[in-house]
Each structure stands twice: as C-alpha cells, then as structure tokens.
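Below is one structure, written out as structure tokens; the observations come after it.
Each chain carries a letter (A, B and C) given by its place in the written order, and its residues are counted from 1.
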Amino acid sequence: MGVNFQRLDGRGTYDYRKITITFGIDRGCCHVQIGDTRVMAQVSCEVTTPKQTRPNEGLLYVNAELSPMAAPHFEAGRPSQQGVELGRCLERCLKESRCIDTESLCIMSGMKVWAIRVDVHVLNHDGNLIDACSMAAITALTHFRRPDVTVSGEEVTILSVEDQDPIALGVHHMPICVSFAFFHQGKYLLVDPNEMEERVMDGKMVIGMNKHRELVTLQLTGSMLLHKDQVLRCTQIASTKVQEMTKLIEEALKNDVHERATGGQFGSASSQDPSHVTSHVTTEKTMEEVDTEALRELARETVLKGRETDRESPGMTRAPDITLLGKQTGRIGEGGLSSWDVEDIEESEEDDVEMIADTNVKVVRETSHISKCLGIDSSEDSEEDVTETLAAHHLGVHESSRGASGDTTIDLTTALNQQKRPAPGRERGKVKR
Amino acid sequence: MKIPLPPGNKMSSSSKSQQLKGKMHLLSQADGSCSLSVGQTAFMAAVYGPREVKMNKEKVDKAVIEFMYRPKVGQSGCGERFWETLVGNTCETAILCSLHPRKSVGIIVQELQNSGSQLACCINAAFLALLDACVPVRYMVAATCCIITEGSTEPILSPTAVQEENAIAHMTFAFDSVDHNVVCSHTTGCFSEDQFQLCLEVCRKANKQVFDFYREALRERLSGSMIEC
Amino acid sequence: MAGMELLSDEGFRIDGRRPNELRRIQCRMGVFAQADGSAYIEHGNTKVLAAVYGPHDIQGSKGRAAVHDIAFINCQYSMATFSTGERKQRPRGDRKSQEMTHHLKQTFDGAILTHLYPHSQIDIYVEVLQSDGGNYCASVNAATLALIDAGIPMKDYVCACSASFIDETPLMDINYTEESSATPQLIVSILPKSEHLVFVEMNSRLHEDQLSRVLDIAVKGCSDIYHILDRAVKEHLMEASIPLSSDT
C-alpha cells in the first residue's frame, strides 16, 4: 500500500476483485474466479453405511486440495499447513454449520445412506483462497442433483438419470466466507487480499456468514491484537459482502437452469462486465474428415511388409520353440534342466554375464552390446582383479552349433588352461556390473 | 470455464474427430498453462520449469520430468499413477532434457470434464502447456484416440463416453510432428494386426490436423502478448 | 435435543451453574522438575498439563524456519488416548490436533516478547488428560502459567474462555455436553489488561446481532480467569520465596 493508502491494483479498501461463476456440464461442477484466483469444485455421491452414532444421517466429506499447479511452492502429497487450514475452515463452514440437510440423505436407517463428497481443487493461487473455495463449494452443492432411489424391503435400487429426474440436495442456507487482512497491528484492514498482500499481512480474519446475517464461522489468526469493536465492524462489512455474493450465486444458478432448459451454453455469471479485451483468446478447430479407404490400403501394405521382414530375420521375431523336457518342465529359448555342477554351465539367456565365485575369470558371451561395454571404464580398474574377456572361440563354442536345440555347454577346463598363457586378442577391461 | 456443446453433439461421424477448443496462458502463477477441450472432454494443464529440484531427485546430466495427473473426484490411485508414467515418458522423449541438467520440469494436468478420449486429450493439453511455457522440445507431440466397435469395420475417431462403452478395442496413439512416427501407443481390448495398423494410419492422418491446431493456438497467443507488453 | 434441557426454566444449566458462572478452576505451577516451566490446570472436569522448555538453540529441522530477529515458538498439542469417552486412536497428528497446535502457536506468537530471543526456540507442550469441553481454553491458560513459571517475558497474561448462546441467553465457559449440541460456540483469548483479542474462533450458527453480547460474556469470563490465575501465581511465588526469607 502506498502513502496515499491505495492498493497496488487500485481497488478500494472494501472492494472485491471481479468474481466469475461458471458451471460445467456435469451436475455439481462449479468454477469460481476471484480476480486471477481460480477454484473448481465437484460434488459426487455414493451409497455407504452411516456412522454408528448417527444412523439416520447421511455423510458429507469436504476435501480441499491445493493442486501443485496453483503455485510453485505447493507440493503434491501431504497437505501443508496452509492446506490443513483451508480444509478445516471449509469443514467448519459447511459441515458444522449444518447447511446441508443430512437427514434427507438417509435411505435405510442404520444401513444405507448417501455420502456426499465435495472435492475442491485450487487451480491458481492469487490470494483469498478461502473465499473462492467456500463460494465454489456451496454453489456446487446447490447445483448438484443426486439420483433417486427406490427401496423395496431390503433392496435399494438407484434409478438412472434417464428414468427419473435426479433430486437436489436440501440446502438450508448458503454460508460464504469473507477474508480480511490486517496490517500494522490491526490499524489497517483490507478486504479480499491478493497474493502479494497476503504475504505481508500481520494477521487474517475469516468471517463466514449467510444472507440471513447469521455467523457461521469466525476466526482470527495471526500474531496481532484487535479490539472487540473492530471485530464487530468487520462482521458488518462481511454481511454486506455476503449479500452481494449470494445474489451473484443465485443469478448464476438461475442462468444455468435457463440454459440447460433451452439447450444453449451452460450458465455463468460475472460480477462486472468485461471492459477490456483479454489476450486469452480461445482457438477453435473443427476437424475434417479422414478418408479411411485409402488408408486401409496403406495399412494392409504395412502389415504385409512387416511380416516379410519378420521372415528374413529370424533371430528377433521368430516365435519361440517350446520343448517339453518332462513332467512339468518345459524349455523356451536357451534354458534347460538345472545343474548344480559348477563346471557344467549352461547359459539361460544370450546377454547374461556369469561370474564364477572362486576365480576372477568372467565368462562373457560375445554379443554385440556387451562388446561395446568393454574398455569403457578403466579408471576403476583395480590391479588385484585381473579380468579377461574370453571370446567364444576360446571356449570351444562354435557358432554353427546354435540352432534349433540352442544348447551350449561351455567347458571351463580349456578356459582355465588358456589363462596361463596370454590368449590372442585379450582385452583388459572391466565389465560393468 | 465455459464448455460449450459442439453443434450436433451426440455422435461424431466415424472418421471425424470432435471439435478442438483451447485457451493458453490462463493461469497467472504457472510458467505455462492451457485448457483444452475435445468435444465434451476438457483438461487443464500447467507447466512449471525448468526449475530447481530436490537433491534426491536430481539428475546430473539432464532435467527431471515430473508429471502429475489429478482426477476431478476422489484421490489419485493406481490408474492415475500409470497414466503419469505413460504421459510423463511421452513428454520426456520430446523435451530436450540435456539442455537443463539438475533442473526439473513439472507438468500438472487436472481433469475438468471427462467424456471419452481422455488419454489423448491429456497428452495434448500437457503439450500445449509445454509450448506455452517455452520449454525446448525437439518436436511437437499430439495424440489421437480411436475405437473399434463390433460389427463396424470403420474405426471411430475421438469417441465419446457412450461410444467407448460399446467398443471392443480402444487405442490411443501419439505422433511427433517431424516424421509422424509413433511416440506412444496405448491399447486396450482385442483386435487383429490389420485393425491395429488401420487405426494407426487413420490416427496418423487425423493427427496432422491437431498439429495445425497447435500452430494456430500459438499464433493467437503470441500475437496477443505482443500487444500486451 | 430431546430430553435434555441445556438451560432450565429457572436459569440453571445441566451442571447446576448459572449462565454467567465459570467452572471451578484449580491450578498448580511448577509440577515438573526438569521442565523450565510447567503448570497443571483444571476447568471443572477438563484437566490439562503444560510444559515449557526454553529459550534454547533451535534444534533439528526447525533451523530452516528460523527468523533472524525473533524466537521461534514450537507448540505441540496432544490428547491422551484416555482423555475422551471413547479411546482416542491418534493422540496427535490428526487434523483437529494440527489445527489446535497452529492456533496455540499463533496465540503465543502474539503474546510472547519474541524479539528478545532472536535465533532461539521456545517449546510449549500441552497434554490434555481429561477432556470435558473447553480444551483450547484450558490449554491456553495452562500454557500461560507454564510460561510465567519459566520466566519467559510476555506482554500480558493470555486468558481464554468459551461462550455459547442458548435460549436467548449467553452462557459462559461451556462443557462437553453443551459443546456437542448444535449450539454456537465462541472461543476467545485476550490480554486482560488492555482487553485486546488475540484469538477468536466461532463455530455453528449465530446471528450477527447476538455476537456482541456473546463476545462480552466471553471477555468477562477471561477477566475472571485472569484474576484466578494471577492469585495462583502470587501464591506460588510466596511459597517459593518463604525458604529464602527464612534464611535472613
């Protein structure tokens, strides 16, 4: 705030930013924007068992999430202090004020009741989240329609939307929160603080009221001291603001009902006329037809070509041969019966690198990708480990023996004998483990 | 946000995608953001980055791509985690990660309305937000979705939720803008090799229009911002 | 609520009090030897224990939250598992406790002279042993006594009291039965000499016109509690100074 006590965006002390309320196609979906702060609420319902202490009443869950998209410092996972505060405030505003008639949500006393769930997502944080969330939540609850049910004996049938019009929830009153920010130990106050004002305020007061001038929640937080008459003055300001906001919500709901009936674009209401052209232009595109006949030919060709290449290179795409070795034992590929003998080693896969515990010789099957690994990292060479890579021909393995059976036995005795004299083409290097 | 009904909304014709609508840069906090709707399915995406990353997630040679998907109702579960991996990997192939080592690019997608063709819309929204945030990419990525229904030989592009329920196979393909190769493919259901290839070719052809849409959206966004500043 | 009158026709509440009477308050300071300051308070059937440690070096992860010119107040509020009628599953860490912790911290942030101890930490631990309504109020009063016992400088005592509004009558210091019925509850904590409000919380529906009366009775309750606490502090000091004066 400057010396002349003007806010940064030119608003007066008691002015709200532009409020816009829109609805989605689903029942119970509501978007509220206060300035740049955007919030979305969605109401859903399901049938559950009631609480044991209140068998006749339905359940209401309010879940407020600070989405990581709203601000760079919001993280996914455990809710932060601000998230907990927002959630508790909304709970107090909606649940403890008994704004929804929970007794009408009972289907069968003690056994089945409706559980209504309100999910509030904060999409963009530019200050005053509590006001926006409370408006979105109560508007969504008023907008929501739950399916009708018929009870016959023990059975409960939920009627689909086409069969029976869904029913509105019983909303007794619409509580809305108004936030005040205090500065200089309560000397200055501002209504509807934006994000920058929130960062430097001393303390905050949230007053939840409905249009009948009933207080639903009042909370003064922050390290500042106020007088009783300041609190009373704030409640008076809050009641005027709440009247305006309730009128806006009712207008939006009425527009929506009208639009749904006439089949036009779904309802919305805005507190001020848009007086400037925004740069948020909607781009539209109507898609053109795609000719499938020509593509069908192309697709057929690709499939046939693919099958040809499969035939040419059997290694990769050949169907695996399955040999039955005995009861409950089959073999696919290079696997075989197990053997505990250390000398008789059979490889199970082509790319495997096997290590023998006692000796430092690593038997490597020569394949293209392993050979690329060799000689990369000689900096980690320890002089105690003499590692040698043995090419297949050192071990007496012949390429031609690979075939249908795929069974290779490597005789290590020849390998160990060969280690005593330098084998041709020996490479020093460590294979990465 | 208004989600208008497209004219003649109930059934889209078999080889024609639904209408695309998008808005860019609507969130003030995020580096890049967009809201995209395909017919009646709408998603909002926001991108933060490249920005600092926690030490335990840091990669020394390239940027870390963190993708988060938020459903509209309820908590995130296994299905959402799977999509996060899938779409995150798709974005990672496109983004030039090695230009920003020890940083992270955070992409968050929020479901606004769900009426079929979810995965394709999610990928497209994420990508538009990446373009808006000016994250360096090697090519643009766009996805199209189609289904095969019993009795019909024609695949149906960008199905609605009602059409998806009757489908025997559901496929989503994402292509790049330079060579139009497949970047990501996700299928559910039973289908033959021929059907797969046909759907792939049909989606590839339809996808080119999505790239045109990207270009137009970017043009609108940049022409507006020139006047602003 | 059917069958239970919270305020009888003669003007008596369920526990026999008048609308403007506090519950019986008993308190003791210095109950723990190892804590820097400690206190125990009873508001009727609500029994709360508070312990204060500090000011001392900032420990652990709170180092990041340190501000260079003021002390960091670390609060923890927990309820014993046996404190309520049904066994409490989570003594601390659930949402309501977290909220309560946060409120306690903010209350004392405003009351303690934190600028005298930059870069240090003051711990306030509150444990509810028996809960019969007015948990926050008893916690604040107990913490005030513990802070005085620890010798930490504050602007003033912090006294808290709750109030309600039933049958057109404001009631002072409500117990659990009155809290759990669907009546409005107002919790106020003030600095008694200046009557500045440090913390105000109100739940359930209350008409705006009645707010002034309910606030008044809550503030009066806080002043009464202040006198009781002040007397307790002075008695405690007298007892502590008797051995010193007997030496002379």
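The rule we apply is simple: contacts are C-beta pairs under 8 Å (C-beta built on N, C-alpha and C of every residue); 3 or more make two chains touch, one makes a residue touch a chain.
Values in this document were obtained by computation on a predicted structure and should not be read as measured data.
Novice: Out of every possible chain pairing, which has the most C-beta contacts?
Specialist: Greatest count of contact pairs is found between chains A-B.
Novice: Counting only C-alpha atoms to place each centre, which chain is farthest from subunit B?
Specialist: Result for the farthest chain: C.
Novice: So the centre of each chain is just the mean of its C-alpha atoms; given that, what is the distance between subunit B and subunit C in Å?
Specialist: 54
Novice: How big is the gap, in whole Å, between where the Cα atoms of subunit A centre and where those of subunit B centre?
Specialist: Taking the average C-alpha coordinate of subunit A and of subunit B, the gap between them is 15 Å.
Novice: Can you give the whole-Å distance between the Cα centres of subunit A and subunit C?
Specialist: 40
Novice: Note which residues of subunit A are touching subunit C in the complex, please.
Specialist: Within the complex, subunit A contacts subunit C at residues 81, 84-85, 87-88, 92, 96-98, 205, 209, 212-228, 231-232, 235-236, 239.
Novice: Help me check something: in the complex, which residues belonging to subunit B touch subunit A?
Specialist: Result: residues 1-5, 13-30, 33, 40, 42, 44-46, 48, 51, 68, 70, 72-74, 106, 108, 110, 112-113, 115, 154-155, 157-158, 193-194, 197-198, 200-202, 205-206, 209, 212-213, 216-217, 220-221, 224-225, 227-228 of subunit B touch subunit A.
Novice: So in the complex, the part of subunit C that touches subunit A is made up of which residues?
Specialist: 95-96, 98-99, 102-103, 106, 109-110, 182, 184, 186, 191, 194-209, 211-212, 215-216, 219
Novice: Under the touch definition given earlier, write down the residues of subunit A that touch subunit B in their complex.
Specialist: 22, 24-26, 29, 31, 36, 38, 40, 42, 44, 65, 67-72, 76, 117, 119, 121, 123-126, 263, 265-266, 268, 279-292, 295-296, 298-300, 302-303
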